[in-house]
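Residue numbering begins at 1 within each chain, and the chains themselves are lettered A, B and C in the order written.
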Amino acid sequence: MSLYLLFKGLLSRKVVTILLLLQLAMTLALLLNSVLLAQQTHKQLNQPTGMDLDNIVLVQLKPTTASLRVYPALEELLNRQLNAVSALPDVVAAAYANQSALLQGGNNGNVYLDGEEGRTNQPSVPMYFVSKEFFRVLDSQVLQGELPQHSVSLDNPVRPDVVITQSLAKQLFADKSAIGQQLNRGRLAAVISDFYGQRSGDNVMYNSIQVAPPYGVDWGYSILLRVTPGRAGAVRQQLDQVLRQVEPNIEIFHIRTLAEQHQRLYRNEYGLAMLLTILSALMLLVTMVSSYSSTHFHALKRQQEIGIKRALGASKNSIFIELLSENWLCTLVGALFGVVLALLLNQALAQVISIPSLNGYLPVMTIMALLLCVTLATWYPAAIATRISPASATKAL
Amino acid sequence: MITLNNLSKIFRTELIETHALRDVNLQINEGEFAALTGPSGSGKSTLLNILGTLESFDGGDYLLDGQSVTGLSDAALSKLRNEKIGFIFQSFNLIKDFSIYDNIELPLRYRGLNADARKQRIEQALELVGLHARRDYLPGQLSGGQQQRVAIARAIAGQPRILLADEPTGNLDSLMARQVMELLEQINQQGCTILMVTHDPDQARRAGRNIQIIDGQLHDSTLYEPLAAHSA
Amino acid sequence: MEQFIYYLKVSLKGIKRAPLPYALTIFILSVGLGVFFANATFYYQLNSDPLPQKSDKLFFPMLNLVPYQCTTDCRTPRVLSYSNVQKLSQSGIPTQAAAMYSADGYLRINATQPPLPVSIRITQRDFFSLFDVPLLHGSVWPDNSARQEVILTKTSAENLFGRTDVVGEKLLLDDRHVTISAVLDSWQMLPRLYDANNHNHLSDADDIYLPLETGYDMNYLSNSQSSTFDDTDYRQLSTQGRTGALHQLQYWVQLDTAAQQQAYRQFMHNLVQDEKAAGRHPSEPNNQLIAMRDIVSYFGGESSDIKAFALVTLLFLLVCLFNASHLSLNRYLSNQYEFGLRRALGASRSQLQLQMLADVLLMALFTIGGALLTGYAGIKLMTELLPANRLFADWDLTLLIALLLLAVICSYLVTLYPSLRASFGTLNQQLKE
């Protein structure tokens, strides 16, 4: 069977073929972009955060009475709560913080070298006010200097020392030693390994930490716990009760592992990728329906032709292959248009959402997937068509 | 009833032109029963289609009941077909999932008759073809001869002036074929003009007039053999 | 009529003849329309105008009255400071004006009750008339001065007291005594355009309303955005917060006429010039007077995922349309002989078109049913996966009528070409076989 004859066969059914090609092209375009988006989300969810997400539990809470939100009652409450949760089995370390890591936005501000604001200013760097165990909870590596050992009030004439993450240190000081430098927030005491702070910042790994009780807790505060690996579930179950025993006048907004927090941070991307995946699946289904029906009707209409071919000695297999090849050819031609269409769609989507551009191997993969679906859908009607008896050739003549 | 003046029909493909009909002149009078014979590919079906206004022609003129069909709109042609022409096909062309009654009703629907008028005419037609008891059957439940009688009932229910039959007995055995022929003769005697394509010389002889078509040209031989002699 | 019922019967017979292709056609059309419609619901609701009669008369003035010299980012802050608002409200030009922000608090009737977490809108008197908020009981504060009075929504009144007529009752708001001065009727402004910063326009209305001055006195910080551009201590909101560069307020003015708008622009221009001359802000002037209609796009809060999805679902609908017409073409082609027969029996093209219309109607009917089901499922799925938009998932009459029309148009398109082809096809050929 020749390619020429196949093409000719397709061309003779102009409208049907054009409809099929258009639809194949659009399916491929959508499929490709969905896969791209899904890949991107997957990558985002798998980028390093610098933290052991599964074994850190986050409690977000707030006192419900105004008197508990002012010092010294607040500091006393924070310490009581820390003591209680630290005593829980499987809790390795516990700390409070004015905010958690892995947020969209939160408490942040400028960081710059004193006197060199114009040159060194980094905007929107998260500011953490924490208890000293915070670094143990995150399992931070101390890269330079020493961690502050005592909590110092932010209202102290000498402001509490500052700890910053490695990326921020690199940005501010390049390769020079940073320890002892005066930042606008205080003297730099240590540089620690990176962790994921706030997504809306210029660099998610920029963070500055001070060991100090928070200014206030109008937005609530976090208690972060490092637990024995695999015991997050068990610890989590007791937290609500333990914290309420310490102080009933609190509202607990949520208790999650940082892994869950991370997932929520990318929930929108996840949702969009998920929706596109579902849509792609629907499209494949629709394409399969169309391949199925087009082969089915086509074979029905050409019963006589198939009968003649059979009478002239075509085997069942060759009829079968012929019908499949027609669909393969159609799919391939449609896929070629589809790649062009996918590029256009990719550009259109890039106007409204962030989506990576197309690369080399992905189109090949999706075309293979499309071919597989088309083959599956064509199989049954093509198999039926081969059963047409050679005798039918003579019937209608 | 039917007048063709120098009618011609050409089929064109990219490479060749085929003259299916060449300067055909034909006059069929009211009440005639004419048989159209000729070898395969001679243009019989083309002529019948043109007479039935199913197909257009390229030259000449066609007057049906004194009226030229040239330049009529689709709606006017449809009306003409619906009111003046009845068709009978070799393969009956009944709609399989319509009852006998519904099949006969089809042309009357297109004429826009009200339900009572339709019913009356269908009853008459069923009476004539002797299938009144089977009115609610589906075509598949009837024999070939019965099906063709239904098709005849459908064709005459609209009380057409002319009946065009394309090998009406081609798919029937001889007994059934004779019944159908008798029915057609009966209809002819009631005043309906009939033009019938046939391969069967016997049937052609039974018709009042025999028109032969060879290579798109007519050879008219009118046999003045009275019908009564045959039926006797 | 009788004739049309006949046409419908014939259509049904045609469906029975080949139920699978027909079911597939309906399925594909329903899925395409349903998915498109689910997304269109969000798109339509998110872009709807909650105050069509005055959204072009309400403006948010923003200016660079800040104590810093901008270097790279010279956009005006998205929120204003207390002193900014004071200066902006001195013009007397707007018909009405209200500054606002929101905070979180706890509400209870007495100290023995468990506290009810509430979202507080801290604002001024004109808020309620600016946005046409309906009042059920009581009256709005007579002026903008501080008073220990709150206005409750109907729902929070019912939650606290089990009834709505609670004007004059006392409450504890974060352990401080307040009196209820009014109860609002059910009110939901969606999207909540008066607070479009940080995608807040997607949120529900707040639970209680507190006068702005009282909010500052009680040291409520904004739960959406508080930025300080100097050394203002944000624990000292009632003193430093009123004078320093602590920005957290949104300010809406109603400017009914073009002349008013022009006058207000001029006023803002003069104000900034005067302040600059007085050395109170070093940045270049960059005055903005954003109409409510444009506020979401100004803040870059348009739902890009819904937009991206709109494009994609439209493409999907097209694919489904192509596919369905392909199927329906096949269906008609296998019925072509019947068309020929009808033509031979004297049906005119217009009569066949009527038959087709019956086909379209039936198909539209089935498709609408299928599309509604798919659309409903799609909306459920989308609220599950993109919960930020959950408040925008409702169908209204306009949407339903649009779906109806769209389904009919799609059914028509799907049936149009095949039936034209069948009814205009040469008559003779199909009858011979």
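One rule holds for everything that comes next: contacts are C-beta pairs under 8 Å (C-beta built on N, C-alpha and C of every residue); 3 or more make two chains touch, one makes a residue touch a chain.
Nothing here was measured: the structure is a model prediction, and the numbers come from that model.
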Chain separated most widely from subunit C, comparing mean CA positions: B
Identifier of the chain whose CA centre is least distant from the whole-structure CA centre: C
Averaged-CA centre spacing for the pair subunit C and subunit B, given as whole angstrom: 67
Chain centre separation in whole Å, for subunit C relative to subunit A (CA means): 26
CA centroid of subunit A to CA centroid of subunit B, Å: 73
Multi-partner residues of subunit B (at least 2 other chains): none
Per-residue overlap in subunit A, given as positions that touch at least 2 other chains: none
Residue numbers of subunit C (touch at least two other chains): 433
Contact set on subunit B toward subunit C in their complex: 45, 49, 52, 54-55, 74-75, 77-83, 85, 87, 89, 91, 93, 95, 97-98, 106-107, 109-112, 115, 154, 158
Contacting residues of subunit C [partner subunit A, same complex]: 21, 24, 27-28, 31-32, 35, 71, 73, 103-104, 106, 115, 117, 174-176, 198, 220-221, 223, 234-235, 304-305, 307-309, 311-313, 315-316, 318-320, 322-323, 325-327, 329-330, 333-334, 381-382, 385-388, 417, 421, 433
Complex contacts: residues of subunit C adjacent to subunit B: 2-3, 6, 13, 16-17, 337-338, 341-351, 426-428, 431-433
Footprint of subunit C on subunit A - complex, ascending: 15-16, 19-20, 22-23, 26-27, 29-30, 33, 62, 64-67, 105, 118, 121, 123, 215-216, 218-219, 249, 251, 267-268, 270-272, 274-276, 278-279, 282-283, 286-287, 289-290, 293-294, 297, 300-301, 345, 348-349, 352-353, 396
